[in-house]
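Labels A, B, C and D are assigned to the chains in the order they are written; within every chain, residues are numbered from 1.
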Amino acid sequence: MSNKSKHQDGMSLISKTISSFMTALIALFGFYIAFYGHLTPGGGFAGGVIIAAAFILLTLSHSKKVSLKKFPDIIASLLDNFGALSFVALGLLGFLSGAFFMNFVQKGKAFTLLSSGTILLANIAIMIKVMAGLFAIFVGLSIFGRIVAEGEKGDMR
Amino acid sequence: MITFFTIMLSATCFFCLFRVIGGPTPPDRTVAIDVLGIVVVGFSAIMALITGHDYFLNIGISWALLSFIGTMALAKYLEGRGFDE
Amino acid sequence: MSELSTAAAVFISIGVAFDLIGGLGLIRLPDIYNRLQAATKCVTLGTCFILIGVLIQFGFTSIGVKAILCLAFILMTSPTAAHAISKGSHDFGIKLWEGSVVDKLAEDKSKE
Amino acid sequence: MMKKMLFHFLMLFGVWLLFTWTLEIPDVIAGVIVSLILAVLLNSIFDGEVTSLLNPVKLFWAIIYIPVFFYHMMVANLDVAYRVLNPGLPIKPGIVKVKTKLKSDLGKTTLANSITLTPGTLTVDIKGEYLYIHWINVLSDNVEEATKEIVDKFEKYIVRFYG
């Protein structure tokens, strides 16, 4: 790690330029997969994984400085809890129509976005949870791996 | 006709797997994995052709994007640097 | 499945043939950089041809439009991935094949 | 700044419409919300130079570039296929250095990716205005001659839309 200062942050210019386009497109595709989970294969988990992968690409190609400015780890941990809580709240709201996780929203026209009642909301809650959780896991593992390798202590950022 | 396409693509996949198993160095394996990712997109296009459902191309798009991210991660590992710097 | 039109069949056959040639190149060529040459170029073009065949078969329906998007993503990502692997393997210390003529990058690296 | 964000938003929204391929009101509203979030969040890393394509003359040259590029790509693949299928394996590889006149990041990236997808050439590294290119059949290791052989046929088009 002695020649660390010689390196620029992140990967080469080409990777940076292309991933600055691709990050937004990949995240958009993840939202598409999560929102249409009731019509096509996929759903909240797969969409959340793809959105987290977009931010992982940003971390790889630029550096942790850039991606943690866009998606701070504090926000990630808050969103993680928020996703889990909103999923449980959705289940409890099912008691409005009789049972745990019962549908309480009007069903719309078939084969459109709003045709699934609470499934869409549940997918969004799972998406938020998985997205924040996976990104936090990636950042955490990359930090801990380096601490063990170098014997660094204290500086968690 | 479809059978012919499928056999040819399977042969390509086997060539890639040969390189994944027998590649002498880590970069060889990385190349083979990257190529395998693109061939799978071709497979999902063939599946969309057979069934006429559009969600097979969703699978293809997500496979292409995630295999790109995986390749970038492996390339950064080959450069000998941490994933987050 | 509806009947496969002739133009789509021709395009897909060309694409599949290019894929196979790419796979053969991956086996036959001697070192990592040459393999990247054969593999990324031939397989990318082959998959593009398959997707164009799908577009011709279905026209501008939801399948055809997704084929166009897939094509655009592949054309953007695949050369970038190839570049990243080749830079990574040069940094990893993989030497060129012994029949190679010149390596300006290694010369410039050793000068620094 | 606003122009860049608007361009980013419209690009994402267009891709969303292509993904869903429907014009139902809830789907379109969801698309607007998602694209707005992503455009505002990721605006600062987005390369603002793409907005030069809003100029019709530059857009015209960018569209002209696509068939040129596909022609070179086809030639490249037939060339590589010939080399792979020939039992004698007629290759003479090496890494050469070429120089580009392009200044912008996006122009350099377009050039490098075009080079990677065409005749027996692969961009290995990029440092300032020099590109290091792995060439499957080295004709000359001189910087000027290699530049003339590899770069010029793309550069004269790219310089007109990305400077």
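Observations on the model:
We adopt the following convention: a contact is a pair of C-beta atoms (placed from the backbone, for glycine too) under 8 Å apart; a residue touches a chain by one contact, two chains touch by 3 or more.
In this text, all values refer to a predicted model and were calculated from it rather than measured experimentally.
Common neighbours of chain C and chain D (chains touching each): A. Averaged C-alpha coordinates put the centre of chain A at 24 Å from the centre of chain B.
For this pair, chain A with chain D, the centres built from the Cα atoms lie 29 Å apart.
Here the spacing of chain B and chain D, counted between their Cα centres, is 22 Å. Chain B and chain C have Cα centroids separated by 11 Å.
Those residues of chain A in touch with two or more other chains are numbered 11-12, 14-15, 18-19, 21-22, 25, 29. Residues of chain C in contact with at least two other chains: 24, 36, 40, 44, 61-62, 66, 69, 73, 76-78, 80, 82-84, 87. For chain D, residues touching at least two other chains, in rising order: 15, 19, 112-113, 123, 125.
Chains touching one another form the pairs A-B, A-C, A-D, B-C, C-D. On the side of chain D, the complex with chain C involves touching residues 15, 18-19, 21, 73-74, 76-77, 80-81, 83-85, 89, 91-97, 112-113, 116-118, 120-125, 127, 132, 134, 136, 138, 141. Note for the complex: chain B touches chain C at residues 1-2, 4-5, 8-9, 11-16, 18-19, 25-28, 30-32, 34-35, 38-39, 41-42, 45-46, 48-54, 57-58, 60-61, 64-65, 68, 71-72, 74-80.
The touching residues of chain C, counted against chain A in their complex, run 73, 76-77, 80, 83-84, 87.
Per the touch definition, chain A reaches chain D in the complex via residues 12-14, 16-18, 20-21, 23-25, 27-29, 31-32, 35-36, 58, 62, 66, 70, 108-109, 112-114. By the touch rule above, chain B contacts chain A in their complex via residues 54-55, 58-59, 61-62, 65-66, 68-69, 72-73, 75-76, 79, 81-85.
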